[in-house]
Amino acid sequence: MVTLTMDGRKIEAPEGATLLKAANSANIEIPQLCSNEELEHYGACRLCVVEITHKNRTRIVASCIYEVAEGLEVNTRSERVLNVRKLVIELLLARNPRHPSLLKIAEDLGVKKSRFEAEIKGCILCGQCIRTCREVVGVSAIGYEGRGINKRVATPFEESPPDCIACGSCHFVCPVDVIPMKEKDGVRNIWKTDFPLQKCESCGRYFAPVKQLEYFREQYNLPPEQFSKCTHCR
Amino acid sequence: MKKIKTLEELEQFRKEIQAQRDPKKTVISICAGTGCLALGSKKIAGAIKEEIQSQGLSLKVELSAIKETGCPGFCERGPIVVIYPEGTCYLGVTVEDVPEIVSKTIANNEIIERLVYKDPDTKERVVKDSEIPFYKKQQRYLLGKNNFIDSKSIEDYIRLGGYSALAKALSAMKPDEVIQEVIDADLRGRGGGGFPAGWKWHSTRNAEGDPKYVICNADEGDPGAFMDRALLEGNPHSVLEGMIIGAYAIGSRDGYIYVRNEYPLAVTNATLALDQAREFGLLGENILGSGFGFDIKIMRGGGAFVCGESSALFASLEGRSGEPRAKYIHATDKGLWDKPTSLNNVETWANVPLIINKGAKWYNGIGTEGSKGTKIFSLVGKISNTGLVEVPMGITLREIIYDIGGGVPGGKKFKAVQTGGPSGGCIPAKHLDTPVDFDELTKLGSMMGSGGMIVMDENNCMVDVANYFLKFLEEESCGKCTPCREGILQMRKILDLITSGEGKEEDLDTLEWMGQAIIDGSLCALGGSAPNPVITTMRYFRDEYEAHIRDKKCPAGVCKALIKFSIDPENCTGCHLCARICPVEAATGEKKEIHTIDDDICIKCRACYEVCKFDAIKIM
Amino acid sequence: MEDKVREIISKYDSDKAFLVPILQDVQKEFNHLPHKALHRVSVFLDVPISRIYEVATFYKAFSLTPRGDHQLTVCIGTACHVRGAQNLTDHIERILGIKPGETSGDLKFSFDTVNCVGACALGPILEADGDYHGKMTISKSNKLLKKLGKKVVTDEED
């Protein structure tokens, strides 16, 4: 365990923990949109910045990546920190002015509206969908396209994604709900592509995309009958 | 060529090739750097070779004595041909000049007056290259050899003492001693960061992890900067020698050169140099019999400025798009493939053989308290002597711009010098006496950067220049973090409004506030320094911003929405050139009569302004 | 196509780290990066196609659409900018009717900008099919375009 000071309070945290995690354990709230415990550190949204002082040097770091250290002084609400957060949320509101999770963060920061001209894109490029697909699901069906302001989440060539197993993880993980997924008549539609669903042999319910089941079967080398019934009927 | 296996063999070989050349015999150096090549120097070299044959001078001048060399720096006056041992320097040479050069100068040592440097003030002619004012205040330890080395010949490099620093390091110094020497020399990274190279090596050597990597950053992306290109193109072996010494010191077996895709000639010459070094046994296993082995691969970038940033460069080398990572762990611990890595730029590596050969004490005798050695700058923009200059740290901006650069051409007034590339700032006339070193330039809100120095005159609009850098960075932002991706875009939009006369008074406060938050909040140095050009121009040229916002005027006459073109009837001769070139028929008039420009149609393309020979086009 | 891609990749020992240079070579071979070729690269290197697509769209040197017979590039480095590269860019845009990064419908011309070619003394620079043309003016660019077969409507050379 290491001891550090956060907003004037002495707190303890396990070695290797991020400042964000240490803050959360100490009930200090830090807003963030791209960090996810299941995923590798990323540090893209920059909402979670904090000010640290170490050996007389003060600087702004992303708390979702920076690790705790003995004697570190952390200020999670300094003026510089709040300015960065205000800028970030205003910039993100220009991309997506309506989503409740963004409006909530804005409200907490005292931001009523974005001063910037709208650049409506919906997606805030937190990258959680892509990283989940790569790091958790392990298929890399989607990725980024382009760079800079033209960067977007896309399927290769904007065509039906050949590696997608329609698991829907990207849809579920999106903090601003901009990856649509629909199910109708035994078909799941995601990334503008129809994926047939598997019907349970026993109850007749459609329970998972066929491609997803095939993927798991191959991955874990399981017998096919494992996948003909839904979890309830197994 | 058989491999050189020992130090003795290297020295023996050096003696042999030195003996082959009589120092009194003629050597002709023709610049074959990118700049002079674009001006046709390849044809000139060919013509000289032919002419020497046809005039029967082959015995006097051997084919190998006609050298296509690296860039000598005086790009403004290229193509450059220098004839040694006299050092007769001809500027602006054309193919048509060649027969005369050969028959007069080469055959009879006669000077051709029209081709030598003529001082614009005193009108005095200067024959020898070293006496031209452009070169006089320079100390060309790195670039100086470019004139004497055929960039494609390892023999030329060895003849001039090349690889002797490597031999010295391998035979007489332990790795720690090499590192100590570089630490004592106080060599700071020339790529922009200014981090002490020796300490970087020290950390990499002592870091846990294997293998360790040595990388040369040749992704010179700052627009208006081409120092690294000239070094890698003109004297690639000096960079390789530095890298091999560094690898020996750090304990690395694998090196990379990451070079910009836009520098095809640098790629060609460096690739060739690597092949030669391997063939000679200076790369590979058991270098010079020392037991130490090291090799280098060359990697071309894909056209992304952000890849000059270390973690983005590693991502690119690993076959991914160039997204930087947060750098809370140093590359010296976890760099390429998460292994200890020393990344230095081209110029830094090229300094290493010099330090090893001449010693730290000699090296840190040059420069200022905090910045040692020389620095190469690319002096460009509104400057009489465009080119590459190598100067001791601590020289003033004024000396560089006026004594070396010859000042602003066309009788125009100096306005600012931009240093540090898109991360740097614009320095106004009142600070021209600032000594140039890492710390002094930072104090002015700019930075040393990699060495771009862009001079601007009264016809450059500082708001436009700030906007230019933002546009550049907007295109080059990788798009990963919010402040950089969205912040630069929104800043640029505000500047667009200002330059089109729609700016508001409060925009300046917004820009200032955003600027600081982008600097604080961005993930990497690209975003972390992106607002600098805006912040420095607002600091030093606030009146120009205010003129755009309050008076809806662009004082420099650049911003299209705020200017009008008209024809001064006093000066117009009715030559009709403006009407001919005008792409939209805004400039009209009968021949030999005074012309007019219809402001409603005019698209402000400046074509008429460029083409008018009578100074009749006025911009208001 | 398959053989050619395989040949390029084997030159790099099928090493994923060389994805950028591999794509450069593929582009050199086929004038752009055809979808099919990228799918082959994905299979041979065992890198997901989404990763390849990411790299192919990230770097400016790559084009997923066919390039024109002639490549025109205006250098917009700082030195060229302060010497009027923007006007030159606007002019070429107007004459060719395409924006930087685009290719004309007849596949005759591709137009791009580049952030400094490092020949700043010659600025502004127009690069045509790999050759640098320095101290470019609008009237010089008209002549160059005409030479490359573009009809340029000015009566300059009457």
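Lettered A, B and C in written order, each chain numbered from 1.
As a working rule, a residue touches a chain if its C-beta (ideal position, glycine included) is under 8 Å from a C-beta of that chain, and two chains touch if they have at least 3 such contacts.
Note that the structure is a prediction, hence the values are computed from the model and not measured.
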Contact-richer chain pair [B-C vs A-C]: B-C
Closest chain to the centre of mass proxy, which here is the mean CA position: B
Per Cα centroids, the chain farthest from subunit C: A
Rounded Å distance between subunit A and subunit B, as computed from the means of their C-alpha atoms: 42
Distance from subunit C to subunit B - Cα centre to Cα centre, in angstrom: 23
Chain centre separation in whole Å, for subunit C relative to subunit A (CA means): 36
Interface hub residues of subunit A, defined as touching at least two other chains: 144, 146-147
Contacts with two or more other chains, residues of subunit C listed in rising order: 51, 54, 58
Touching two or more other chains - residue numbers and ranges from subunit B: 304, 321, 475-476, 478
Complex contacts: residues of subunit C adjacent to subunit B: 16-21, 23-24, 47, 51, 54-55, 58-62, 76-79, 81-84, 87, 90-91, 94-95, 114-123, 125, 130-134, 137-139, 153-156, 158
Subunit B contact footprint on subunit A (complex, rising order): 41, 43-47, 49, 60-62, 65-67, 80, 83-84, 86-88, 91-92, 94-95, 115-117, 119, 124-125, 127, 144, 146-151
Residues of subunit A touching subunit C in the complex: 139-147, 154-157, 161-163
Partner subunit A, residues of subunit B touching it in the complex: 304, 321, 325-326, 328, 474-483, 485-487, 489-490, 493, 510, 513-514, 516-518, 520-523
Subunit B residues touching subunit C - in the complex, by the definition given at the top: 34-35, 37-39, 75-76, 78, 220-226, 229-230, 261-264, 299-305, 316-322, 378, 380-382, 386-387, 418, 421, 452, 454, 456, 460, 465, 468-469, 472, 475-476, 478, 580-583, 603, 605-607, 610-611
